[in-house]
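Written out below as structure tokens is the structure these notes cover.
For reference, chains read A, B and C in written order, and residue numbers begin at 1 within each chain.
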Amino acid sequence: MVCLVTFSVFRGSIQIFSYEGVIGFLTGTDWNAVEGRESFGALPYIVGTLASSAIAMVIGVPISLGIATFVSEMSPPRLAAPISFVIELLAAVPSIIYGLWALFVFRFWIRDLIEMPLYNAFHGSLPIFAKYPFGLDLFTAGIVLAIMIIPIISSICREVMRVVPNSQREAAYSLGATRWEAVRIAVFPYAKAGILGAAILGLGRAVGETILVTLVIGNVIGIAAIPTTLFSQSQTLSSLIANEFNEASSDLHLSALIGLGAVLLILTMIINIGARLLVRKMVKVPTGEKGRR
Amino acid sequence: MTVEEVMREEEAAVAGPIETTDRYKVVIKEINAWFGRKQALKNINLNIKDKSVTAFIGPSGCGKTTLIRCLNRMHEMTPNARVDGQVLVDGADIYDKSIDPVVVKRRVGMVFQKPNPFPTMSISDNVAAGLKLNGIKDKNLIAEVVEESLKGAALWEEVRTELEKPGMSLSGGQQQRLCIARALAMQPEVLLMDEPTSALDPLASSKIEELVRSLKEHVTIVIVTHNMQQAARVSDFTAFMYLGEMIEYGATSQIFKNPEKELTERYISGKFG
Amino acid sequence: MSSKERKNYRMILHEEMKKRYRTRIITDNLVTVFALVCVVAAIIPLGSILLEVIKNGASALSFEFLTAPQGSIGSGKGGIGPAIQGTIIVVGLASLIATPVGVLAGIYLSEFAGNGIFPTVVRFLNNILTGLPSIVIGIVGYVTIVLFLGSFSVWAGALSLSIIMMPIVVIVTEETLRIVPHSLREAGYALGISKAKITMNIVLTTAKSGVLTGIGLGIARIAGETAPLIMTILGTSLFFSGLEGPVDALPLRIWRLASQPYESAHAFGWGAALILILMVLGMNVGLRLLARKKGFTVRAEA
């Protein structure tokens, strides 16, 4: 299967790589599909993808850990079950629904409650806030991606934390740890590999997410898609594919879009394989002891 | 002092009604404990002498582990578990509303059934974990206490050259002594040991027993054991529990040689349990 | 080490510990509050999404909306009939492809493969497959089928979706079968039953509800996929016209409607979103409740 995927993606993109050259395609910033003046470069969208995913991770991972910690370590059992259920439901909501909601509802919250105040306060002093925000930009895309990956990351983290043996928590408590300190010194280190795995899975989702991003990121092309501020419009690899695929004017244009897919494929493979190696390398802890509940 | 004399003194210590509580390190008063609706301890009263070893024995499910976990407020950490009553350490009730359970654990340390060192920490970090947690920052002081504690747990000679190795690299018996060192580093006045040798082989167990006997010079020890020979070997006083009740309590020699209650005698002689 | 020295440490350390105590308690409370805020922050979007979808979607609902094809652009007439029909056809076909292959692969991995190099590689690749972006998988459908047949088609969409669903089914099947106690299998061996029969009759029967839940969750997942459909089934405002032709699907329709500048299109989008969310969440809630009742847990990421 993986071979089939890889094979088809690369077969479809051969044309563009031979036209622009691998390096040229990866580092080019032009995007012009007009016949006779074709020029395709993927760099802005690679940057856009990484930037939006980075925002999603920075916001999503701490919140996910907070949720997992609350559900697994702090809340009374009676509360934990319904919260977990709601989180699982959130994980099941299709991304198009998140996109629709973000486009018609959430972006106004973001613009009015977060972006405008930041802009008003810092647009003169901090360059990353120096653009008048519309709500359809990199920052919104990042936050909505975070909302989308939080349920995934937090439910896996919760599972991982639940299997930490109680003896570890008790060891910490017996040394006079508060609840948070027990989580910090006994639960997190023990569950570290699993938590990292969950975060990487979330990153994979954020990098590959398409539809949600096309609806809120602003969809600019060419050099303009390299964001200069947090509130710039941008474009990701996948959103550009989705936006232009049905309007592709030539085989070369189509091949360029599939080429973006190839870059995306490699990016997610690197993330995936890298994560697995990293997790395998981390300290192996004995399992089999019974965890909480 | 001959053995007989020691024993006579010990017997004197438990005989007679208690007039003041300050003669004892730990005084357990009318402790009742529950798991959900199930009552695990029924009205337990007990006085534990300073710098002595007290053993709780009894068949499994008799509440001995629950009782020891009531002495440092660990019992209530289990979901749905409840305690009622008083435990006085040096005359002050650890169940008093104004006392934070976190503070109790500084004075009353605990060692568990299975060795549970923190797997991601080195040997020295394991020992120092409690100190760092409680806000001790002075590196030299920490290093000193780590060394003293490892010596106290009779582990120093074996690990002095490999303090930075992970705690999990040690053998089971060494891990348990590491856990003892970790508890000792907090400088507790009372050390609770919940079946500390149940997961260890006989050789490692005998080392722990030896350690228990030497430690009582500094701390008051309460040990839960399912092994009667072990109780007889290490303890000064023995409490026999059955179905959540304290059946008999007295000097170890007396409990083992001529117990007052028939139930105790039947258990000691291996007729049930 | 003398008794006096020990006393000494006790005093120094416990004095020092007292000083830090307040800060630690405050930190503990702050973290607890933070964790609670995180939970609330995560629940707000769900509440808002459900509220908006129901509020805006309910007004669009009508018999015509559910069955009729879309009227002319911007007219606000017609409905999403083709999209509902298309979703059912494409998803149904995809699960018909993915389920047998996925379940068999899962059985192979759990019962017959052991821990050799080949099964390890299969597991590894399967895990990679779950991590691939759906749009990349859409490209596969495009390159292999659309280019080959020369037309956007149901086949291409179903193939892409089945590639997304298959690894989920494989993982759930393998994990559920592993939970089946070994003693059950041994009981079978003791009666002299062949391994294949044991697997089919004993193991699979025991694990049936778990495997079915996994399949159901896989279906719910692909029913909400949009990206691969863009490049495979294209989307059309007409009803199903054969497996070799293009077809519509709910998520795709929502996307197209949301991108139009007309209020009426947006209202239709919300209506379609309501239908989709009812389908997907309905399946999820139902299956998870059923799973909970039967006493097994479901992997979150499926």
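Structure notes:
Everything that follows uses one rule, which is that contacts are C-beta pairs under 8 Å (C-beta built on N, C-alpha and C of every residue); 3 or more make two chains touch, one makes a residue touch a chain.
Values in this document were obtained by computation on a predicted structure and should not be read as measured data.
Note on connectivity: the fewest steps through touching chains from chain B to chain C is 1.
Here the two chains linked by the largest count of contacting C-beta pairs are A-C.
Most remote from chain A, judged by the distance between CA-atom centroids, is B. The distance from the centre of chain B to the centre of chain C, each centre being the mean of the chain's C-alpha atoms, comes to 50 Å. With centres set at the average Cα position, the gap from chain A to chain B is 50 Å. If each chain is reduced to the centroid of its CA atoms, chain A and chain C end up 17 Å from each other. Looking at chain A, one finds that residues 176, 178, 181 touch two or more other chains. Counting partners per residue, chain C has 17, 24-25 as the residues that reach two or more other chains. Residues of chain B in contact with at least two other chains: 102-103, 106, 134, 186.
Interface of chain C with chain B (complex): residues 1, 3, 5-6, 9-10, 12-14, 16-17, 19-21, 23-25.
The residues of chain C lying in touch with chain A in their complex are 17, 24-25, 27-28, 31-32, 34-39, 41-43, 45-46, 48-49, 52-53, 56, 124-129, 131-137, 139-140, 142-144, 147, 163, 166-167, 217, 220-221, 223-227, 230-231, 234, 251, 254-255, 258-259, 266, 269-270, 273, 276-277, 280-281, 284-285, 288, 300-301.
In the complex of the two chains, the chain A residues touching chain B come out as 76-77, 165, 167-178, 181, 185-186, 189-190, 192, 283, 285-286, 289, 293. Here chain A touches chain C in the complex through residues 1-2, 4-5, 8-9, 11-12, 62-67, 69-71, 74, 83, 85-101, 103-106, 147, 150-152, 154-156, 159, 176, 178-181, 183, 201, 204, 207-211, 214-215, 238, 241-242, 245-246, 258, 261, 264-265, 268-269, 271-273, 276, going by the rule given at the top.
Chain B makes touch with chain A in their complex at residues 72, 74, 77, 79-80, 102-103, 105-106, 109-110, 112, 114, 116-121, 129-130, 133-134, 166, 168, 179, 182-183, 186.
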